[in-house]
Structure formats: C-alpha cells, structure tokens
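Going in written order, the chains are labelled A, B, C and D, and every chain counts its residues from 1.
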Amino acid sequence: MLVQNILNGISLGSVYALIAVGFALIFNVLKFSNFSQGGVMTVTAYAGYVASRYLSDRLDSLVLFAAVLAAAAVSGAVIAAAVERLAFRRLRRTKSEPVYYFISSITMGILLENLITIYASSNFYSYPRFFATSAVPLFGVNVAVTDMMMFALSIAALLALLFILHRTKIGLGIRAACFDVNTVQLMGMNPDFLVTTALMISGALGGVSGVFLGMNYTLYPQLGQMVVKGFVASVLGGLGSIHGAVIGAVLLGILEIFFISWVGAGWAPVFVFIVMLAFLLVRPRGIAGIIVQEKA
Amino acid sequence: MSLLEVRNLTKSFGGVRAVDDFSFGAEQGEIVGIIGPNGAGKTTAFNLITGVYPLDRGSILLEGKELAGKEQFEITRSGIGRTFQNIRLFKGLSVLENVMTAADPYSPYGLFSLFTLGAAFRRREREVRAAAMEYLALVGLEKYADEKPSNLPYGLQRKLEIARALATGPKVLLLDEPAAGLNPSEVREFIGLVGELRERFGFAVLVIEHRMEVIMTLCSRIYVLNFGKLLASGTPAEIRANHEVTEAYIGKEDASCSV
Amino acid sequence: MDYFVSTVIFTGIALIGVLGVYLITGLTGLFSLGQAAFMAIGGYVSAVLIRNYNVPVVPAVALAIVAAMLAALLVGLPTVRLRRDYISLVTLGFGEAIVALLNNSANITGGAMGISGIPQLTTLPVVLVSVVVCLALVILYKNSKYGRQCLALRSDELAAKSMGIDVYRLKLITFLFAGALTGYSGVLFGFYTTYLEPAAFNWIISAEWTIIVFVGGVNSLTGTVLATILLTWLPEFLRFASEWRVAIYCVIVLLIVNYRTAGIMGERELSPKTLRRLLGRTKEAPR
Amino acid sequence: MKNGTRKWLFCAVLVALLAGFVGAASAKEILIGNMQDISGPTSVWGNAVTRGAEIAVEKINAAGGVDGAMLKLITMDTKANVQEAIKGYNSLVSSGVVAVVGPPVSNIGLALGPIANKAGVPVVGSFIDPRVTVGEDGKPQAAMFLMQPSSVQYSEIMASYTIDVLGLKKIGVLYDQSNAFAVSLMKPYVEYIKAAGGEIVSEQVYTKGDKDFKTQLTKIKEAGADCLYFPNYIQEAVLVTNQRKQIGFDVPIIGGLDFAPPFASLVNDPEAANNIYLANNFSEKEPQLKEVWDVYKAKYGENPVNKVFLGYDKILLIQEAMKLAGGTSSEHVMKGMPVVANLEGTTGVLTISPDTHQPVGLSMVMYKIEKGEYVELGRYVPEKHRAPWSK
C-alpha cells in the first residue's frame, strides 16, 4: 500500500510537474503566473486528438504516439505565440504591472476553453490506445504504462528545458530576463523574440501535458482547469524556480494521494491546505526559491 | 547622552560586509553628513537604522531607547523619518494625500467612529488635512496639492518626499541623496530649506550626499564610509584635508575606468 | 419585469461581493482567489441557522457576517506577512478547503446536494438598501486614513512601512472588512436563490470578481461599480449570441485590459469636481 | 479617448440597452423556453437535449402545430450555474413562454422550484433529485415536472438488479462527494441494499477534479467487495474503468446512465470495458426510437445519445399536457401535466403521478458491457415500483 501510494503520487505529480514548469518559466520572464496555460493545454489536447485521428491509419503505435506528441507540442507553441501577441505584447509595450498580465492570462484561458466548448463539445472524444499493455507489475504493485511514460517524459522535457536554459544563447537570455526583460537588449537580443520563445517553450510543454491529460482523462473542454494544481506546485516550489516546480509538483502529488488514503478524498483538500500553510510559514520562499531582498 | 547613538552597526549580505562596525551619533539640531563612494554601505546603514533589514550586530539608541529589532513602522513612530534615494512616492495618491498618509498612523479614530461619521473622525481628518497643507507650504508645494506626484517635475518630487517625512514627526530626519538630480539653483534652494526646517523643528538630520556643496555647507560633522568601514570622521574642514578620503574617491574612479 | 428585477438583484449581490474584492485588490493590491469562500460561509451560516435551528433572521445574518470575518481572520493572520504572490495561493487553497468542508458536513449543509427551501427574504428594496449602505461604508473607508494607507501600501509597501504604517495590521483589517462584505453578499444570495450548493463557490467566481475590479479601473471605486453593472448585464445582452456568449465576453475584457490598461475609469472617481471638469470640458482627460 | 468618442460610445450602449427589452412574441406562435447548459461543463448534454427538443418541435410544426399555432423554441444558456438559470428563467417568462424545457441538472431544478411556482410557468426537466418535484412538506412543487425516473427510482432499479437479479451482496461504493447527481444516486441505492440484506463493505469518495482513483479502488478491493457501484459522470466512469484494470480489480461495475454509449468507445480498451452493468432509458433496438434516430443522424451525421431523446420527450409531454387541458397557455400546461398518462414517448411509456410530479413505473433497459460491446438484457422494473394504474 505504501509503495503503491508513493508510485501513484509520483505519477500524479509528474502530470502537475509539466504544468508547473511552464508556470515557473513564464514567471521568470514576465513575473506573473500564466493561467492561460490551462486553455493552451486544452486546445493542444484536442489538436493531438485530431492528429491521432488523421495519422492512425498511416502510422504504428509508438511512432504514432511520438507524432501525436510532436503535433501537440507544435500546436501548443503556435497557440502560446498567438497568446503572447494578443494578450501580453501590448501590456509589455505599455510596461504594465504584472497583475494585468495575470488578468489577461486568466481571461485568455477562459476564452480558449470556451472556443473548444463551441467547436468540440457536442461529442465526447478519447485518444486511441497507443500501447498494447496498460499496466505492468513493479515492486510488487501494478504500474500503469501511461504513468511510467508520463514520468519519463516529464523528466526528459525537464532535462531538455534545462539544456536550453543553460547551454543556449536564448536560455541565457531567459535567465538574464529574471532581473529585467529589457536588459536582454544589452545582450543584443530582442525582448519580443525572447518572451515569445519562452512562451512557445511553455506552450510546447503544455502540448505534451495536454496529450497526457487527454490520454488519461479523456477529452473535455474543462481539461485545462488542472492548471490550478500546476500553479500551486510552482508556488510551493519557489516562484520562478524550474527544479523547485518539479519537486513541488511531485510532493503535491504524493501529499494528495497520502491524504486521500488516510483521511479520504473529501477531507484531503482541507489537510493539503493546512500543510501548505504550515510549510509557507516555515519557509516563505518555497522549496527552491531565493529570497529577494527589496532594495530601499 | 546624544539624541541618536549608533554603535557597532554591522550587516553582511552573503559573505560581503556591507556595513562593518560603524558607530556614530547625532545631537539635537545637528546636521550630520555621511559620504563615501558608491557601494560604501551608506544607504544600507540608513536601511539598518530604519529597520528595513535586521542588524547582524550593533545597537541603535534614540534618546537612550533601543530601536534594533523593532519593526519598521515602530521605528518610524519612535521618531525616525526618512526619504529615499530613488524617489518612492505613493503613485495612487495625490500630493496632499501622500503627506496625509504619513500623519495617518497617529490618527486615533477607529472603524466605529469612521462608519458612524463620529466627531473624532471628522475632527482628526480636518487636522490631518490642515497639517499636511502646512508641510506642503513649508516646502512650497501647496499649489500642487491635488496633482498626482508623477505629474510633478523631479525637483518637486524630492521636496514632496521631504514634506512626507516631516509629517511622520521625526526627531531624526534621514535624507538619502536628497539633492541628486537637482540643478545648481535648486541645490542652493534645497540647502536653504534644510537649514530652515532644522531651525523650525529642531530635529537632527543625517544626510547622505554626493554633492560636496551640500555636505560642506550644511554639516557640522561628516562620516566617511568606504567598503562598509568608517574611513574618517570630523568637521568639513578636517575631511577636506584628509588624504585618505580623497584617495578613496579617486581610487574608486580609477577602478570604475578599468572595468 | 421579474427578469429585470432578478437581474438587478443579482447585480446588487455581485456588487457587494465585488466591493470586498475592490478593498483587497483595488485598494490594497493583494490577490484573493478564494473570495467566493467567504460568500459561501455567509450564505451557509445564515441558511443553516434559520432552517435547522430556527434562529430569527437578524441574529442569523449578524452571526453569518461574524463567521465570515472569523474565517477572514483565520486566513489573514498567517498570510499578511507572506509575500504578495503567496496570498493568492493561500486563499485559493482556503477556498477549496471550504468547499470540501461543506461537502463533508452533509448532515448540516446537505453536502453536494445543497440546502434547499431557504426562505426568500432578499427583495429588491433589501438589495438596494444593502448596496447603498455597503457602498457608503466603502466610500468612507477609502476616504479615511485606512483607504489612504491601503493605497500607499499598494503602491509601495516598503515606503509605507517607513511612513509608520503598520502594514500587517492594515492588511488584516482590510481583509476582515472585505470578508464581512463578501459574507453579507452570500447571505443575500442564499436568501434570494433559496438554494445553496458548494459547487457555486469555486475560484473561477473569485477570478471573475478580480477581473471586474480591473476592468473598472485600478483603484477607482466608481469604475468598480460601473464595471460590475456593465459586466453583469453584458452577458444578458449577449444572450442572442448563444454559445458564443462567454467567448465574446472574454474578448471584450481582453480588449479593455490590453487597450485601456487603466480600466474604464483609471484612477478617477466620480465626484462633484470631476463632474464639473467633464461637463465644462476645461481639461482633456490625462492619458 | 476624446470626449466626443465617449459620448458616442455611451449612446451605443443606451441603444443596446433598449434593444434588449424589445422583442415580444408574434401572434401565431407558442413560445417554449429551453434552458440548457450551452457553454459550461455539462454543455454536451445541453446541446443534446436542445437538438432533441428541436427535432420534436419541427415534427409537431410539420404536422400543423398545436391548435393551428406553431411552436417556437427559445434557448437560454444556464452555464450550469444556478444564478444564470434564475436570470434565464425570468427572461423566458418575460418573453412570454408557456412552458420551459429544463436541463438534466438537479441543482438548477432545486433553485428554480420556488421561483417557477410563483411565476406559474411550468418546467419539464430531467432533474433526477426527487426534491425538485416534491417539496419538504411532501407536496408536489406546482410547476416542476420530471420526465425520467428520479434518482430514488433509478438507484432502486440498480440496487434491485444488483441484489435480486445478480445476487451480489458485498458491495463497494465509490462516488463524487461534491456532485449532487452522484450523491443523490448513492443514498437510495445504499438504503435499498441494506434493507434487502446486502452489505456495503467499503464506501469511498472523491471530489470534483480528482483524476486518480487507484487509492480508493485499492481500498474497496481490499475490503473484499464483489461488485463496485459507481454512479458518476462519463469522464470519471472512463477513468475508473481503466484504473480498475490497472490495479487488477475485476469485479463487476454497477453503473449509472453515464455508462451508456458512447462510454465503451471512449474507454477504447475492450479488456477494461468489460463486466459492467447499467440501465439506460431506452434500447437502441426499440422501434419507437427509429424515427428520431434517423432524423438526428441525417441532420448531424452522428448517432444520438440518450439525452437527445429526453429532450424530444419533454416537448411531447408539453404538447400532451396542452391537449389534455384543452389550451395552450401556461395555466393549461400546468393543469395538463399532472394528468398525463400512458403517453408513448421515445424513452418509454410516460405516466406522471399527480402526487409527486414524477413518472410512475417507468422501466429501464438493462445492459451489460462485455469486451467493449453493449449486450441488451431487457427492460427491468423492481416489484415495488409497479403502480396499479400504469401499463
């Protein structure tokens, strides 16, 4: 039971992690929590579904799966770029406070969710099965194949992201933008380009998580409301910290599963809230956040 | 006993000693200058005195009472007012309201009096408004009372910061580079203003400034900081004659050129 | 006519709730994603007291408001010292916890199936009087030392502390006042719909209220009131658009937030002075 | 923005305001309201009910309407939200509808009850919570009518089938504690099972938004349940079915209406979508469906789901009530509804009880899902539901 709980927690946490990493990335650059990510995830989940429908006659299961992931990631990047153009670009031009981005992004998320409701909701959809077996025994308990894939891919996506951040020029720019988006101009980089790229990366991550959510939980327009969990995880992890977000997500997943097991799902949100509050009081900067000392 | 006595002020940020064992004092009615190259720890010293950062070590005595360890707002209410190096006015409020806000913490009325439009509330609002107008008049801003601070020119914003600090009722007034960005005639006007205010309120003034004109005219005592440490202290004449001080300044300029 | 009246009543109820958000977000610059939870507390406490314990209306309403304030104290005490970004997280978690609590106490609250059969006590005059009173209280608050200090803390917390403002206490007082207002709007809501269910009080409602405050104008109370009226009536006019309704609503909000960042009213208030300025056209509105 | 522009904007808003209040019904039409979730979380059902109702209206109008007047459907979005529903209902009343087709969401029915009783415009819905149609005083809510088995009737059908037909006595229950639909289907089921000598070996809950039920399923498995009762929405039904297989828990699932098509195709795994029992409102093979089925398929190019037929029957009920009361006003519908008897609908033979405003003796069609295929087991109604006056 204990092993099963931990494994279940990790699998749930890895879903949260992909969302939380997107939050952390954007928080670094624009200093707000990007709630439009939920809408992006929903749209990409449907985009991945369309791709799977179109490709299922032509491709084999694993190749098909890779192709669907790629399609969703690309569509996620494109939508995120569009979101940047429509909801954030002008706010950056007018140097607005982060709260406006927050409002703009929440509204954008609701808009995307509703567009999907309009175009796709008269039916239920679900992804084709990509893998023949659905669960394998591990440490004496059953582990779902999709859960393992999800965990592996979360790790892979995270490593890819860390590579981009630390080994490429655009990554350097994103890290430099932690202090001020406009300082990257000094490095000969266009801030528009930088912000768009950061959003596209997070959109692509959203695409991958969208497909996973869709595979695991079927497709429905409110799929993206899971974004709240990603938000919680990213704050617990320390605002703007990428690896903190992952740790926060996995911890949140394990915490939820344990409380469901101990006190039941009904009381779990109450206990999660209490633990969260206690944690923030002890460590207000989150797991891996840095203390930002305000200068007078 | 001095009005303000600061002993062994020490603060490190991640291994760097920003302020290192700095002791100084100020008497009633005295104007004390703190100078030093950029990064010498002058503003940090102000932030430590006003409680923005907690001290690593040291003590801050105002009229013999310990301030170290108190909350920022408590320190202000005990009688330490300040201005900021980078002007920090309240954007959402009018010029008058900016000053009123600094007097508000002393308003005794509560929510009950407010919601019942009680006499305490109405009287105090009138008083605060009148007092704030008076402070504005002192710095010559009364005709801008209803403007938003962001609409004022830079020099006037500096004056507004001073008016706002006055409204907190300080015994010691901390001015952090109050003349930065002012033109020569504004600087002369400013020097006159500080002198007048000192006469009128009798408080001690600590001033950080790079404009030597300001320091040398106003201050009776000057402390020179370098790399967080006290380099020298004395009257303007003594400081002017001190070689170490001039070296510290020139040295800094050399360093900045070699980057 | 019923349609008109019910829309006016809902607008009034929403307005009182939004006033709470205005205090927290517009005036003080904090984000609460759990404000709807206070509404739930107000509604449920009054409904349960009246239905299950036969408490007379006035004490029931008073107790409901006190309960909402106690909840605000519970959330506020530990959070006012945290960084601003965390307040939205803690309030979000609090909102979820309250909904879970309501679902779990089925023998008192009816759980997910809700409480039905609450007496319909909210009428148009009740709502109108409530709105006027609440609005008056908030106007007084804004134009007193409290409001000034809140605005100061919103624009620069560090400088506010340096002006002797006890920001933690101030945040807590504002939080309590907002909790009371939102709680009261929940009371009115329950007494109008005669039915309460936990699902109606999720974070989306809190987010929508925050959006209203921003559409109205950063710290303009007039703007908040206007935006509440506009944005609660807008969906009614968009009914012809059927399933496109919410989408169009979002687009309008996006346009306002992006192209008129200061909101409808910016920082201006409707006062005799601004009215004169507007009518006399003595001065172009500053951009 | 210049002041001039502002004035124009103001005028535009005013015009829009006025336009909102204009728009009355023309003479030769009978307006029927339709309140459904068009943009919220249950919009899938809302759209299905609306399409079904539209098909019924078109059919009636093609046959000459009611008393020579054409029916016209006005659809209002409820956003699955009580507040929106109240505004929508009042708006429909203002525009002069004589009856309202209600949504398949009980919460809205509960909130509408008192308001509809006062306004006197009846609501015919598929809110399965019995409190919608019967008030706390035990008297029927004057303006509220149900047209499918109530949650009590439905869960008793399922409970009776579990224990009386399948002979399963050790039952595990898993339901969404935050969902009124699920809770209302759980309580009467548990009561029936206990009264009939069965045992609830484990009762587990989850809340809205939860996606991982393996922990709860494992507990039920460990409690030694020989079947799982799971009355929930389709998405969760898919998740539970898949996760049941993942943890190797292979007892039968006794499910709600939501296991009806397209459920099995969503699971997409014949190994997982197996050994599941459910009751649907109708059988796809039943002849009375064919006409609607064909019209729907021709119009939308897909197979109709059960909510389409609910929508269709709601219009039939309103028409029948008008016929019985001999008029087309809302008073006539109110008068006619409680006396509807033996009306051949698509979902069965409808007889409304004047005491409960709920249908009486409505049977359900039992199904078993085997390897992803629906196998029909015939109509079923427990002994205690049979009313003497129904067929």
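One rule holds for everything that comes next: a contact is a pair of C-beta atoms (placed from the backbone, for glycine too) under 8 Å apart; a residue touches a chain by one contact, two chains touch by 3 or more.
None of the values given here were measured: they were computed from a predicted structure.
K.L.:
How many steps does it take, at the fewest, to get from subunit B to subunit C if each step moves to a chain that touches the one before?
P.N.:
Minimal hop count between subunit B and subunit C: 1.
K.L.:
Which one chain sits nearest the middle, judging by mean Cα positions?
P.N.:
Given all protein C-alpha atoms shown, the central chain works out to be C.
K.L.:
For subunit A and subunit B, let me know how many angstrom lie between their CA-based centres, rounded off.
P.N.:
Centres of subunit A and subunit B (C-alpha means) sit 46 Å apart.
K.L.:
What whole-Å value do you get for the distance between subunit A and subunit D if each is reduced to the mean of its CA atoms?
P.N.:
Measuring from centre to centre gives 35 Å for this pair.
K.L.:
Let me have the rounded angstrom distance from the C-alpha centre of subunit A over to the C-alpha centre of subunit C, please.
P.N.:
For subunit A versus subunit C, the centre distance works out to 30 Å.
K.L.:
Between subunit C and subunit D, what's the gap in Å when you average each chain's C-alpha atoms?
P.N.:
The separation of the two C-alpha centroids amounts to 34 Å.
K.L.:
Where in subunit D do residues touch at least two different other chains?
P.N.:
39, 43, 177, 207
K.L.:
Could you check subunit B for residues that touch two or more other chains and list them?
P.N.:
Residues 50, 52, 84, 88.
K.L.:
Listing for subunit C: what residues touch at least two other chains?
P.N.:
Each of 99-100, 103-104, 158, 162, 243, 246 in subunit C touches at least two other chains.
K.L.:
Contact residues on subunit D for subunit C in the complex?
P.N.:
Against subunit C, subunit D makes touches at 1-3, 16-17, 19-20, 38-39, 43, 75-77, 79, 81-84, 86-88, 90-91, 93-94, 106-107, 110-111, 113-115, 119, 129, 131, 135-136, 176-180, 182-184, 207-208.
K.L.:
Can you name the residues of subunit A that touch subunit D in the complex?
P.N.:
Residues 1, 4-5, 8, 11-12, 15, 114, 117-118, 121-129, 134-135, 142, 144, 216-218, 220-222, 225-226, 257, 260-261, 264-266, 268-269 of subunit A touch subunit D in their complex.
K.L.:
Which of the residues in subunit C come into contact with subunit D in the complex?
P.N.:
Subunit C reaches subunit D through residues 1-7, 10, 99-100, 103-104, 106, 111-114, 116-117, 120, 189, 193-195, 197-200, 235-237, 239, 242-243, 245-246, 260, 278, 281, 284-285.
K.L.:
Can you check the complex and tell me which residues of subunit D touch subunit A?
P.N.:
Touching subunit A: residues 39-41, 43-44, 47-48, 177, 204-207, 209-212, 214-216, 218-219, 234-235, 238-239, 242-243, 245-248, 262, 265-269, 271-272, 300, 302 of subunit D.
K.L.:
Where on subunit A does subunit C make contact in their complex?
P.N.:
33, 86-87, 90-91, 94, 96, 99-100, 102-104, 106-108, 110-111, 114-115, 117-118, 228, 231-232, 235-236, 239, 266-270, 272-274, 276-277, 280-281, 284-285, 294, 296
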